[in-house]
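Two complexes follow with subunit A in common, the first pairing it with subunit B and the second with subunit C.
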Partner chain A sequence: MRMHRRTLLALAVFTGLTAPSMALAADDTVKIGLLATFEGPFTVLGEDGERGAMTAVEEMKGMVAGKKIEIVKGSSDASPDSAVRAARKLVEQDGVKVLVGPLSGDEGIAVKDYAKTQPNVTFINGTSAAQDTTLRNPAENFFRFSTDGAQWMAGLGTYAFKDKGYKKVATVAEDYSFPYTQVFGFMAEFCKAGGHVPSKSWVPIGNKDFSSVIAAIPEDVDAIYVALGGADAVNFLTQYQQGGGTAPLIGGSITVDQTVLTSKGKLKDVLKGTPSAGPTADTNDAPAWKAFVEAYKKQPGAFPSPSLFAHGYYVDMKATLLGLDQVGGDVSDGGKKLRDALSKLSFDTPTGKVSLDKNRNAIADIFLTEVTEGADGNLLNKLVKVVPQVNQTLGIPEDEFMKLGAVNRDNPSCP
Partner chain B sequence: MSLAIATDSTTTQRNWLEKLGAGNIILAVALVLYPLVASDFFLTQIGGYSLIFGMLGLSLMLLAGYGGMVSLAQITVAGISAYAIAILGNNNSNILGFGWPWWLAVPFAVLAAALASALIGWISVRTEGIYTIMITLAIATATYYFAQQNYAIFNGHSGYAGIRAPAFWGIGWRDAKPFYYLCLGLAALCYAAVLYGSRSTFGMTLQAIRDNPRRMRALGYHVTAHKVFAWLLSGVIAGLAGVLLVWFNGRVSPGTIGVDAAIDVLIIAVIGGLRHPIGPFLGALVVVLMQTFAIDIVGAERFNTLIGLVFLVIVFVSPDGILGLWGRIKPHLAQESLRPGA
Partner chain C sequence: MSLLDQPSSSSGLSSGDGMTRGQAWGLVGLLAAAVIAWLVFAVWPDWLNAILISKKAFVSAILNGITLAGLYFLVASGFTLIFGLMRNVNLAHGSLYLLGAYIGYEVTNRTGYWLLGVAAGFAVLAIVGVVMQVFVFRRLEGDDLRQTLVSIGISIVAADLMLAVWAGGTYQITTPEWLDGALTLPVITAVRSNGASVFLTYPLYRVVVLAAAIVIGVGLWLMLHKTRVGMMIRAGVDDRAMLQASGVNVHAVFAIVFAVGAGLAGFAGVVGGSALSVAPGEDVRYLLASLVVVIVGGMGSITGAAIGALLIGLAEQIGLVYFPTYGIVLTFVIMVVTLAVRPQGIMGKAR
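Take a look at the complex of A and B:
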């Protein structure tokens, strides 16, 4: 009797572990994995990414090539390990053949490495924007229809030097691959124009106390270039203002994003007039953008204007669906046809035409913006200038660009 | 003569089998045969991962269950051996990577982890109860931030990538089945060692020290030395788990050894139960299953709430975890079978 019960327990454990293996999608549905940060410091950003992706799905009324779209979500906490774990679950357990994501820089590099081990699955980026996700050692089956962090900075360095007259700028940015890429993009132009960057501060993600960083900023700089995201940006800006800092700011793409601009408090006065650049501009007048904003606002919990995460996930999901539409939703050949279609895909997004280069990285328009107060009191990114069709090498010939070296904390440098 | 040996060995074998108990044998057979029915995902992402975290929980159970020392630094110890593998072996992050073969790198990594664990033990044995938790939490957090900001050794936020499990005897040990068996083998070894160790002189002494250190000191035992040695042993187990973890992920970064992961190990040990070495493995299985599949049950927005609620319910219903739950149900079942006609 005693043994009998133990046997039952063992059997129960055993069957519980084996039960659901590979659940294959039915013929009339297309399964798409959606990987974003639904936990950790970037939760707010991940949720807005999801809104963007769902806007694209709803635009197609949830159908592609006559098949129903089934979205399977995976969550990471912005660490590369968790992103790969979530991607593995979506691919190996849920059996998705197409995966959209992830959200942040190092995650993108990790998922690209994982993509190499899954040649029959097609990976489309979310908003991760580290340069080396596609530039160096790319994966054949990883596509990025959203641009990278250096591309997002197109025009900003020149604008800060020539129009704003800043000669010396200190940088404060988070310590991982995406901000490295952003600082690289800004400095590539700014240093070329003749500017100097005497001090670069790198802070860990989730830093709370910025007093030592603020103290280390030289006093004679004309402006501070800040590439921090979400809560980090709010914390730094608040503490900088409370510490009596008065230097004007230059914003990284996610520093003056809607996720930061909508935060409450006195930040408004500090942020007004901050130039920045990125893949979106809130006051874009193009009808396609306005239509996108309206569609986006139907999502639950939407911001007054879509953040660049909503935009990035929208563009990548839209590209995925257009590609799937072209191949009739058929990925039974290991996604080969789909990848051919995606490589050649060129389409009009709310922010202009997007096409891919040979590394499967997007060439797209970038928007130079400045923070202003809207009619309803909300802060907005006012469109200053559109930089048309920026490629990954920022218009520099490829071999020359590669000579600049991989981005990291010390590269580039122009003290 | 040969006959005598044969009979002798059968008697010992029978005794040995009896000692193991039917339940353990069935469980072992089930675990060995598991790859026949499970998909690759269930083999590595659930099976292998649970065994790795079970080993980490086991290293904590050894300290907490037998030594009365609750540590939050087990993942830190595992992280040290994981980083050691990345640094001594090969990685593709273009930093360090001495290219040692696995049979040299693994012992060194485990040794480094064991020594680090002994050092942490040395620092924290002066404290008791909640202060041990605090000091180990402080060590875990400090190591996390150090790894995050040190570029010469830890390569900062991005850590090391491109670490491959070795291939020898014609087997790629990161393939699903070999990797599962590797995890199972090492976990079973550690499990048996802890079970055996708990009944050894050292194990008994450690438990006596847990119950009354002052009396043991009066009897002439070196209390600190025993405790530090327990830390060293738990460091070996955590170090082995760290090696498996880095082969499993193929990468290691500060996120691997963050405070979240440290707390995960504690949760695993607590909801599994600290009374018996099987507890942490049960806990790890529940935690890994929850963390993997909760998102399918309630969606992306609230799945962490569900995970928290399940843990809360387990601990609320049974303060000594799943093991305690079983211990509570068992007598009821036994009573029922005694009742006539039941």
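Take a look at the complex of A and C:
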């Protein structure tokens, strides 16, 4: 009977572990799930996303509509199945009715699909920025107050062609939905202006050794457009520098983000002067942005300037809390009131006004930037130009935009 | 059947009736070598450039594959050595790699001497290996499954501890200046219109990694085949009980093997962290790589680890350049084919 006793003991321990989390759903707290990449190649990004979300929570002093905010964290490793697993755990085990996240493109699409099976839970995006999370086949209960990867590129293609004079550009990007969206956003403008993209390299996420990819880039291009994130970007840039690469770079939004600019190594020489575009600019001198930077810096381990992940999670968490505030923190009706409030929500963020379109995707300002060295030796994104109120179809009428087709490896194309 | 076949197939010296199997393989090898030499040294015609993107891309992919193989070999050799002797599938081997890389980073960063970082990576991990063997695996001796499960546990705990200490950032171990820069290889990648040849350049550091892997590989082979300890290890691989019965202190031999195996993982961590980068998640990546290398090459064989590493390294790099989306599949196709055709691995012994 030894086995039997052991099994009983294991069961007892197990119930002991799970019971408290079930019992704690008291009336005077609002539980919010926070889903981000706390493991895998995008760990740094996820950690900064959390700092952003917590900045919003602390701005409200940890209270919404007189109730205490309780944050339950879920971790993914940037793969869609891990994101769904973490979302499942938060919703089905921890019983959250409101969930903020996830961080990365494919995760967003997967969580959107999961959202359809949980109509009584309200999902608010973190920073995932694939186009089709909201553009095609959206979920009624998935909201994105951060913009998508194509929107982030607004102005960059034209700037590269006209101001920088690049006519031929090769692209190197990770092989999943978010970089497809970014390349789409860049090429939509760049090709229209008359530029050509003769070669596109798609590399697996988490790839370490880029030297073969670098060797395969044609030698006659004017510049290389790089849309890689986190450790991938650092590896590419270091090896590009080691291999004596000379072509100038154009950065995807997360390639020249603080998560990459602050890494230790010999990146500075390669990155200085790299143009990019995204939802934030480090040298933005609007008072709202400066106040946000100060609040953000109080978070433990903060970067010199918030990354776009901190910004995205901040905006989405802020929207969530504003929505919850409007409905008195009440989600007992399956979150219907909350979702009505969120759809109509329009508010001022550190980077300007944000409102939602009919697919529940944000319309917001985008910043065209260039990498410079700050006074203290840190690399910063200098603000070049603000592109006001970019919508998901990039200003193109919707039916025309839908005709461009879904983004993928081969679309768009202008060799 | 084999009795009847033997005379004709083993009479390599007899002339007249065709080639033996060995000669046939030799000829195939020679042909392959000639084709590769031509691919590397000749100036490519346009049609070949059109098929294989460019000569620079192709030759770089081959060279990168070989240097990556060097790195994989360093990690996998320790893994295969430990398995061969102790039947212990140490799934915490990837964590040893990552810990070595972090220690190398810290030491290099604080002292400014890269070589010191490399030495520290080896030494500290060798000690960690001995500690693991003495305090964990020795207690579970003879219980393979539990040892494996415990090693999974160790790898999970180690990954979280390292995340707590070094956070999620990407670290780059700074190499000394004498290792920076590029070598110009006597390989012509293109001819300019004015007749000047463009030579291939290749990072010096990667060549050094490859050289280190070769030196260590040869050193390991010599240790196994020419020294007394090596003799004991080989005897232990074949029959552990018999070795113990003949008066050898098996535990001491185990500890030495674990020290060398773990130390090599740490060494590879520092060397690999300088060539590529150090970040959480590397542990799983290298564990997977060395598992595949060892399965393909044959569990317990150093030569097998070298062959496996070469196959996997080349497959990864060529896949990355020519069909990046399905490149990862190539690695596993090699593994599946090996398992189907020769389940014990290329150099493995059937047990």
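Assume the second predicted complex is superposed on the first by the 391 of 415 C-alpha atoms of A that agree within 3 Å, B and C clash if a C-alpha of one lies under 4 Å from a C-alpha of the other, contacts with A are read in each partner's own complex, and residues count from 1 in each chain.
Everything that follows uses one rule, which is that a residue touches a chain if its C-beta (ideal position, glycine included) is under 8 Å from a C-beta of that chain, and two chains touch if they have at least 3 such contacts.
Source: prediction; values computed, not measured.
Participant: So, does A:113 touch the first partner subunit B, the second partner subunit C, both, or neither?
Facilitator: In the superposition, A:113 contacts subunit B only.
Participant: Tell me which partner A:44 touches in the superposition: subunit B (first), subunit C (second), both or neither.
Facilitator: Second partner only, subunit C.
Participant: With both complexes overlaid on chain A, does A:409 touch subunit B (first), subunit C (second), both or neither?
Facilitator: It touches subunit B and subunit C both.
Participant: Return first, second, both or neither, reflecting whether A:235 touches subunit B, subunit C, both chains, or no partner chain.
Facilitator: Only subunit C is touched by A:235; subunit B is not.
Participant: Can A:212 be said to touch subunit B (first), subunit C (second), both, or neither?
Facilitator: After superposition on chain A, A:212 lies in contact with subunit C alone.
Participant: Thinking of the overlay built on chain A, is A:201 touched by subunit B (first), by subunit C (second), by both, or by neither?
Facilitator: second
Participant: Looking at A:244, would you say it contacts subunit B, subunit C, both, or neither? Reply first, second, both or neither.
Facilitator: A:244 sits against subunit C, while subunit B stays out of touch.
Participant: Is A:175 contacted by the first partner subunit B, the second partner subunit C, both or neither?
Facilitator: both
Participant: Who does A:79 touch here: subunit B (first), subunit C (second), both, or neither?
Facilitator: Touch status of A:79: first partner only.
Participant: Do subunit B and subunit C land on any of the same subunit A residues, and which?
Facilitator: 38-39, 47, 77, 175, 204, 409
Participant: Tell me, which parts of subunit C touch subunit A in their complex?
Facilitator: Residues in contact with subunit A: 53-54, 56-57, 60-61, 64-65, 68, 163, 167-172, 174, 180, 182, 201, 203, 205-206, 276-277, 279-282, 285, 316-317, 320-321, 324-325, 327-328.
Participant: For the complex, which residues does subunit B have touching subunit A?
Facilitator: Against subunit A, subunit B makes touches at 22-23, 26-27, 30, 34, 37-42, 45-47, 145, 148-149, 151, 156-159, 161-162, 249-251, 253, 255-256, 258, 260, 285, 292, 295-296, 299-301, 303-304, 333-334, 337.
Participant: With touch defined as at the start, can you tell me which subunit A residues reach subunit C in the complex?
Facilitator: Residue list for subunit A touching subunit C: 38-41, 43-44, 46-47, 77, 175, 201-204, 206-209, 211-213, 215-216, 218-219, 230-231, 234-235, 238-239, 242-244, 263-266, 301, 409.
Participant: Residue numbers of subunit A touching subunit B in their complex, please.
Facilitator: Where subunit A meets subunit B, its residues are 1-3, 5-7, 9-11, 13-14, 17-18, 21-22, 36, 38-39, 47, 50, 72-75, 77, 79-82, 84-85, 88-89, 92-93, 106, 109-110, 113, 175-177, 204-205, 409.
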